[in-house]
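These are the structures in question, set out in turn.
First subunit A sits with subunit B, and in the next complex the same chain sits with subunit C.
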Partner chain A sequence: MIEIQELSFGYPGKPLLFQNLHLSLSQGHIYGLLGKNGAGKSTLLKNMVGLCFPRHGRCAIHGKSVSGRPVDLLEDLYFIPEEIYVPALTPQKFVSSTACFYPNFCEDSFYRYLQEFEVPQHAVLSKLSFGQQKKAIIAFGLAANTRLLVMDEPTNGLDIPSKVQFRKTIAAALTEERCIVISTHQVRDLDSLIDRLVVLHEQKIILNSSLDEIAEKLTFATLPDTAGKQVLYAEDSVRGKQVIMPNLQGTYSKVEIELLFNALISGNSSLLNHLKLTEYEQAF
Partner chain B sequence: MEFRDNEAIYLQIAAYISERILLGEWPEEHKVPSVREMAVELQVNPNTVMRTYEFLQKQEVIYNKRGIGFFVAPDAAAKVKAYRKERFLEQDLPVFFTNLYLLGISLEELQGLYEKFTSDHYGASQKKES
Partner chain C sequence: MSRHFNLRRFGLLFKKQVAEQYKPYLMSLAVLTGLLALLIGVPAYVQSRPLVVSMQEFLFVMPLLLAGAIFTSSIFSALGDKKHAIATLTLPASHLEKYLLGWVFSFLIFLILYTISFYGVLAVVLSMDDWQGAEKQMLNIFSGRMLRNVLGAYAMVHAVALVGAVYFEKGHFIKTAFVFLLFMIVLVTLNKQVIQLVLGHDLSAMPFGGVTLTENDRMFNVAPPKQFSEWLNSALGVVLMLILWIAAYARLREKQV
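Coming up: the complex of A and B.
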């Protein structure tokens, strides 16, 4: 669905955030985009939705360049930034002023989502709390029924029941035609919801894999002692050493996304090589 | 539903469904919740639930009626039992035997413990037919 090729981008007068970046995203998946603060996650999302324009390379949706901002692409994508802006309108007025840009917008589902998220239906949006505003915009974005839905830190500001409702709503919203991209630091909020993990680090995408593939290749464990074990990465914790090892027995362990992320950005090349090497071996 | 860390989520969902079947809550020809309903209920990716359903379909525990959804297959309980037995014999029993051997527990001692356990938990009268 999205093809990013040889993308280079930097804000004017600033160093490049991405250099020769490649990324390909397909329909029917929920992608979790991870990166350190300042790695450029939000900027990458903005390049995807036509709010930032690459210096080199291109970002295409269904083969069409996004930076030309063609209407048929824009009406089929919805972007929810981390800092949202809501006008001084009620949900109903907001629908009548904005929904017309999204041909597949479904008003009934919008009000249903608002109800599920417990957002008051007749209040002026700008008077609501940050969390309520965010949920109202998420409800609107889902009701827009676009094939591409991009969310930057959507669970920030959501209370505990709202996070549960968010997971349920997103689980229900994924279809074979839809591609959902979520950038997040709160991996625990979303770890059974996302099925593919994308890691942005030092101007490049260093990982784009399904969690199933990762679990097939790597074992995550907590061990009292790592002597005699082939360990790719280890971190000390209260319970012992948290380690990542090659998955040699074909057993399953839950992918500890935080640990994996720390391992990847620590410049651990043996881990990345192992992920890539097995890919190479499997190809033959 | 709380997921454990040492088994794939799709298999844990399969075990959850298998339990409903073994307990008789979902009899043969009972409609299984749709992929979407199950994903929402468990707050997981629908692709994970799809993987569960494909797995259970391959085990002939559920089957797909085109356009209607998934249903509990005839003889599903027997299939679940056969599959679980195979997994138990392959995975759990060797560990158990190793412990018996290492700790020097005799089969006679074990038999006594087993009989006491079954009568305490299931009662002599409700002995499970094999």
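Coming up: the complex of A and C.
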């Protein structure tokens, strides 16, 4: 669905944020885009939706470049930035003025999502709290039924029950035709939600893999001691050592996204090599 | 064509703009009417003579250009605010439709509402003004020459302000006015210096106008024939205005967040 090829981007007068970056995202998945602060997650998302233009390379949706922001592409994508703008309108009036631009918008779904998120339906959006505003815009984005839904730090400003509801609602909204991309630095908010993990680090995509593929290659465990074990990465925790090991037995363990992310950005080459080596071995 | 302009979509965009902005627009109109009442009412009350047509013309044109420049400078203010710019640029409408929406509001609608507001205030003030037995006279901006001059002057101010509205992110009006003044100073100075260098005389010259020089206590005025000069100035004005409007559109297309 999204093809990013040889993307190089930097803001004017500043060093490049990405260099020769490649990324391919498909329909039917919820992608979690992870990266450290300043890694360029938001900028990458903006490149994806045509809000930034690459210095070099191309970003295309369904084969069409997004740089010109063509109307037919905009009709089929919805972008929710970290900081959102809401007009001084009630949800009803907002729908009446804006939903008409999205051919597949479903008004019933919008009100259902508002109800699920407990957003008052008759209040003026700009007078709601930041969290309520965000939930209203998420509801609108979901109801727009665009094939591409991109969210930048969507859980920022949401309280704990709302985060739980967010995960439930997004998981239920995924269809075979839809591609949902969620960028966050709050890794735990993506737990049990995403099925593919994309990690952006030092100008490159260092991982773009499904959680199933990761679980096939790696084992996540908490051990009292790592002596005699083939450990790729370990972190101290109150219950012992949280470790990542090669999955030699073929058993399935839950992917600890936060642990994996920490391992990847710590410069742990053995882990990355293992993931890549396994891919190479599988290719033959 | 529908990729760049679709009348239905433009209508929806217009409806959205009205729904989201009608309150500030109505407040601005009320303030403008109040200012016009003050500007027209005070001289009519203070002066012992009636408010003659030449004065009415001045009171129509000057506030029009100033208020028009301020309003036009703010027409794309959404693009200066990151949050609002994202919502605006990702809204499924073409750049041309978004540009034309700003153009229509700041040119057509502003001109119409300003004119209605001005004539409303003028009619009230003139009805209360003492014309000392003379026949009351009201400015007619729809006469051929007046309409052409007013539209020409407003279009030029509008074109400059529109470029500033898209180009700058904050303080649109002040920054545009500053750059425009700087440009005019450079243009006038360069024009005079270059002509002086070419002719080797101390002289006075204005851009796109004639040259006046003194030699042996005799004053010479070098200028194209009046009709040609008027035509040339009008043509230059139209070309410059079109270039500025197109530049504003191009800048909108290139806008990044």
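Here is the rule we use: the second predicted complex is superposed on the first by the 284 of 284 C-alpha atoms of A that agree within 3 Å, B and C clash if a C-alpha of one lies under 4 Å from a C-alpha of the other, contacts with A are read in each partner's own complex, and residues count from 1 in each chain.
Just so we're on the same page, contacts are C-beta pairs under 8 Å (C-beta built on N, C-alpha and C of every residue); 3 or more make two chains touch, one makes a residue touch a chain.
Please read all numbers here as calculations on a predicted model, not as lab measurements.
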Touched partner set for A:Ala123, first subunit B, second subunit C, both or neither: neither
Touched partner set for A:Leu89, first subunit B, second subunit C, both or neither: second
Partner chain(s) touched by A:Asp195 [first = subunit B, second = subunit C, both, neither]: first
Touching partner for A:Lys46 - first (subunit B), second (subunit C), both, neither: second
Partner chain(s) touched by A:Pro81 [first = subunit B, second = subunit C, both, neither]: second
Common interface positions of subunit A, toward subunit B and toward subunit C: none
For the subunit B and subunit A complex, residues of the former touching the latter: 3-9, 11, 36, 39-48, 51
Complex contacts: residues of subunit C adjacent to subunit A: 3, 6, 9, 12, 15-16, 19-20, 23, 81-84, 86-87, 89-95, 253-254, 256-257
Residues of subunit A defined as touching subunit B within the complex: 28-30, 164, 167-169, 171-172, 174, 192-195, 212, 215, 220, 251-254
Interface residues, subunit A side, partner subunit C - complex: 46, 49-53, 68-72, 74-75, 77-79, 81, 83-85, 87-89, 93, 96-98, 100-102
